[in-house]
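Two complexes follow with chain A in common, the first pairing it with chain B and the second with chain C.
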Partner chain A sequence: MAHFEKAKSLNEWMDQRLAVNTIKRVMQTEYWIPKDINFLWAMGMVLAATFGILLISGIFLLMYYKPDVNLAFDSVNYTIMSEVGFGWLWRHIHGVAASLVFLIIYIHMFTGIYYGSYKKGRELIWLSGMLLFVTFSAEAFSGYMLPWGQMSYWAGMVITNLFSGGSLEAYGLVEWIRGDYVPGDAFLTRFFMLHVLLLPLAIIGLIVLHFGTLRLPHVNNQEGAEIDFEEAAELYKNGNHKEAKVIPFSPVFLSKDIFVMGIYFILFFYLVFYHFEFAMDPVNFDPADGLKTPAHIYPEWYFLWSYEILRPFSKDLGLVAFAIAQVIFFSLPFLDRSPNVAPANRRGLFHFWFWLMLVDMLVLTFMGKLPPTDALFANIGLVAALTFFALWVALPIITKLEKKL
Partner chain B sequence: MSSRRDFMGFALGGFTAVGGIAALYAMKRSWDPLPSVKAAGFTTIDVSSAQPNVLNVEKWRGKPIFVLKKTADMKADDRDVIVGSDRFHISIGLCTHLGCIPAYLADEMKFKCACHGGEFDSSGHQIFGPPPSPLEIPPFKVDGTKIVLGEAGPEYKKMLDAGLTV
Partner chain C sequence: MNKELKIFGVVAFFTLFLYWGVEPYAHSQMHKHVEGHNFVYDGTADIEEAEAKLATAKESGVKVEKAEATAKAKKEFWASVNKISKLKGNATAGEAGFAMCAGCHMDGAMNMGGVIPPSLEHAGSLYEKNYLIALIKNPAMASNVDHKYADTSMHPMGSISSMITTDQDIANVVAYLQAKKSGELTTKEAFTDACGRCHAMRYAKTSQLGDTPKFKYKKDELKHQVKVLEEQDLVKAYMGKLPPDLSIIIRARGEHFLETFVENPQSQLAGTSMPRTGLSQEGYEKVKEYLTEVGDPSKPHREAVGPWVILFFIIFTGLAFLWKKEKWHGHH
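And now, the complex of A and B:
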């Protein structure tokens, strides 16, 4: 037993047993954040808050949801929507948050790309963030199965079929994933398990890792400037708040985060109360029917760009292209050969690369929503998909040629 | 001293690895389709009252099964199932591209998939779009005017051996 003095306050009592003051210092009051940043740096906390909202609304949905192919559809569309007091609120919050979380993830990612926040020392931030993106995608897909409507069923059919590996014809693997020849009860219950337990656990773990990877390299800034955090912290602690280039994470920076969150939540609840239908596909209000394919199967908007990369090619080539598109962003810190940590507008050709990539992914997204029958749009989709890969091939070359700043 | 510790380390590591692999096997088996799911795999269809060029969709193992009685002027194919004097096209009604159900256009005598525009002729051969292979033929056995799906009869085995389906 270690020696304990009698504590004079609750705080001291806690500090003796849990080192709360050290934790507070390391994580909050002496976690220095550069001043030279803008509202885009608040997206991380906006994401954390949105995840919290997904968790809370999910808990209430879980109280009435029934993971059974005969009961699931009605438990959502009848019980939760019209019997449970404010059940509709939890469902609309959950649906809107699931959609917006991807919008913010994309903004967060492209902010990181624009300002070079994945460069030397920050690679793990990028990699853990990408792991979060992949896990969130799996979480979104598994959640989409649960209402057991037509889109749930057919998205489940199409996506699990991808695992047959085209000409490899690994139907055994597909049936193993489903636990049945087609998506059925075993499929629904296992994706329910993934959605409410395994994947959220993984996400929480990854969020901790993602925060952890940020602590030592610190947050980037608008100029990509290297900051002597020791020196800047001394200035701040001595009361030179104006000259110091940094502020403490909490409560100073967090108050700015909370302001941005406030704006975000106005938009968020506007959508929840007045425009929730954008997150609710009408086709999914028909119960799942294995003998009737909807006229046009498409994923939610946040998967459209990679879906469009799958479409214009032959089956095997499409699968390979799709698989590469899913993981290619992981390689960004290693394909970018330039040592410059600076906003894209000061990085020559990379500036064009950034905007081309952004526009290309928007084009892919729009084309992915359109039916496959129109030849003009199919060709635009093909060009956009080829551009996507051309940009990744070009990245190491143009960044190698980049002048050192 | 250290060799005794090494031994303990290897022994512990070995047992943990064996237990871990055993647990992984149990987990894999728990994800397998249940025996009851596998057992409910036979469907019998009576085709004696089928009309030519009218598609009937039956259900087998949760999948749609196309049963199309061919008209006299449709081209005969090695994949046809012969029942009495009639020729039938029988296939799993899932597009071989990504598993959507193609619709049958009786006027044009072809199947068309709405998802990605793939087309198949009345023998199930792909004639347009992304499908990489013909519509698959389910295991079948001809029994008088009935067809049993899920059981591999001699006609099916012959098609399988000839590589006409997978």
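And now, the complex of A and C:
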């Protein structure tokens, strides 16, 4: 065993055994963040906080939730809502957070796209972030099954049916996923397991990876400027706070994050107390009934754009389009052929590409919820879906043509 | 700072636009709009409905005569209801007529023809005047479910027309109900009288047989359960399906849907066997209040806790801003 001196303080005692001072230095006081940033750079910590809220509220709900087709609905809607002290608060927090986490994810993603934060050296940041997006999507879907209302049941039916692969008619695979011919008890309990164990574990692991990928290439800045971090850090440590292009993660960067979080929490709790219905579809307050299909089946808002890419095409084509749409964002660092790391407004055609993509995804989102029986909506949806793919085909071409800055 | 606000403006704009598209706009397109009539029953809605059906029948050329007859019958029926409504009823004379009602509408009544006759203790305030007149005149027409009885069975209350025959008698009975049977009622009573004979509310521990008692012995509990099941079978046979439990219907349906559906079920769900219950505005408010108490019990808690939590975060944000200002001092 190594030699230990008698410690003079608790901090020293901890430092001898756990190197807490080194950890603090490496992770906080000498983890350098560029100074030229705006509030969008706080979205990462806002996401981490929202995930924390989901985790804590989820633990409270888990104590009373019953994963059984006969008990699930009432355990959520009666036990948690009327019998458990503040059960309603935890449920509304969980529901609102599940919706807002996607809003922030999309803001975070489009921030990354706008400032080119996925370029050479930062590919893994983007890829691990996309893995988080996919895992969060699976987490949201599995959680949506748990109250076992009409939308839980029918969304579960529709989404698992996708795995039959259209004309491949792989119904065996669908049954294997469901553990039954239709969504039932086996289906509910396995999605329960996914929602409360496997997927949260994966998310926590991926968050660690996502933070890890930031370490060497460093966080991007508003101008996409290349910074000599060692030189800038020396300058900062010598007390030259004004000239240094960097700030320490803690407390300087964090102080702004917490202020942004405060504003976010005002909005968040306003929604929790006064406007939670947007996150809790009324249809899901009818118990699951396999003999009664709801008039409109639609996913939560954050899946609508990809749902609308599935809808306007024929069965097989729609599935292929849907599958591509799910993974296409992974390829962004490789399809963008321009070496420029700069905000989109300085990147010529890419500037148009960015705003077109944003507006197109909004249009897809709107159309995804509207009844496709209306010819106008269906046609707008089709055009928007085709535009989505056209934009991805155009991306390597327009970025190849882009002038080097 | 200005740049930050500009960026914030862009983010806020797209967020609000997104919200508008997936919530208010999408819902306005998904659900048909039904005009409400403020819980006044003068036949306007029913006649419009019958005329719309007649127009469709003429277009397709199918069952035109039947549709014509229905439209004509509706007009005549509601014209006579509106006529009776103008008569001055005599409450004292109405008491004698009411005695005939009380033969079936009594405490502990049994299922008659599919459903247990409701208590009329608060009928004068719970139900609207015109509706009461219409109901005595022709129950199936009043409830806008005449299509159900067109060529099969008789309405369980069908025999009323042979008991209270003249227009003046009807006016008298309704005058009696309004004078003597319109005391204050609790929200729960409103629900039980108007809805509770067909709809259970398991979160309030009530069934079609009323409150579920507490039992000391399991066998008594099971006996009661069997009775409930038997009653539900009768309702099911009469209605075609067991009417849904209403425990959290207040969260499962929008305000506008519930209001217009209760006023005239056919308007939102054409062909449904649910009768119009004829609630007055006051009666509906009571029922809605009860549905909220049971289906959304956290409402008062939300209103009590909400402002404090938000105040906390406003103070939190203010302090965070001061901290940020201090930490960033000398950085620019």
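Definition applied: the second predicted complex is superposed on the first by the 405 of 405 C-alpha atoms of A that agree within 3 Å, B and C clash if a C-alpha of one lies under 4 Å from a C-alpha of the other, contacts with A are read in each partner's own complex, and residues count from 1 in each chain.
Rule of thumb we're sticking to: a residue touches a chain if its C-beta (ideal position, glycine included) is under 8 Å from a C-beta of that chain, and two chains touch if they have at least 3 such contacts.
Keep in mind the model is a prediction, meaning the values are calculated, not measured.
Q: Check whether A:V20 is in contact with chain B, with chain C, with both or with neither, and answer first, second, both or neither.
A: A:V20: touches no partner chain.
Q: Is A:F285 in contact with chain B, with chain C, with both, or with neither (first, second, both, neither)?
A: Second partner only.
Q: Touching A:D180 in the superposition: chain B (first), chain C (second), both, neither?
A: A:D180: touches chain B, not chain C.
Q: Which partner chains sit in contact with A:L103 here, chain B, chain C, both or neither? Use first/second/both/neither.
A: second
Q: Tell me which partner A:V320 touches in the superposition: chain B (first), chain C (second), both or neither.
A: So A:V320 meets neither chain B nor chain C here.
Q: Does the superposition put A:H296 against chain B (first), chain C (second), both, or neither?
A: A:H296 sits against chain B and chain C alike.
Q: What's your read, chain B or chain C touching more residues of chain A?
A: Of the two chains, more chain A residues are contacted by C.
Q: Of the residues on chain A, which ones does chain B touch that chain C also touches?
A: 295-296, 371.
Q: Can you check the complex and tell me which residues of chain B touch chain A?
A: 28, 31-34, 37, 41, 57, 59, 61-64, 97-101, 114-117, 130-132, 166
Q: What residues of chain C sit close enough to touch chain A in their complex?
A: 3-4, 7-8, 11, 14-15, 17-19, 21-23, 25-26, 29-30, 202-203, 244, 247-249, 251-254, 297-298, 301-302, 305-306, 309-310, 313-314, 316-317, 320-321, 323-324, 326-328, 330-332
Q: Under the stated contact criterion, what part of chain A meets chain B in this complex?
A: Against chain B, chain A makes touches at 154, 157-158, 161-162, 166-167, 169, 175-182, 184, 186, 190, 290-297, 311, 314-316, 318, 371-373.
Q: Inside the complex, what are the residues of chain A that reach chain C?
A: Result: residues 35, 38-40, 74, 77-78, 81-82, 86, 88-89, 103, 107, 241-242, 247, 251-252, 255-256, 258-259, 261-263, 265-266, 269-270, 272-274, 278, 280, 282-283, 285-286, 295-296, 301, 304, 358, 362, 365-366, 369-371, 374, 377 of chain A touch chain C.
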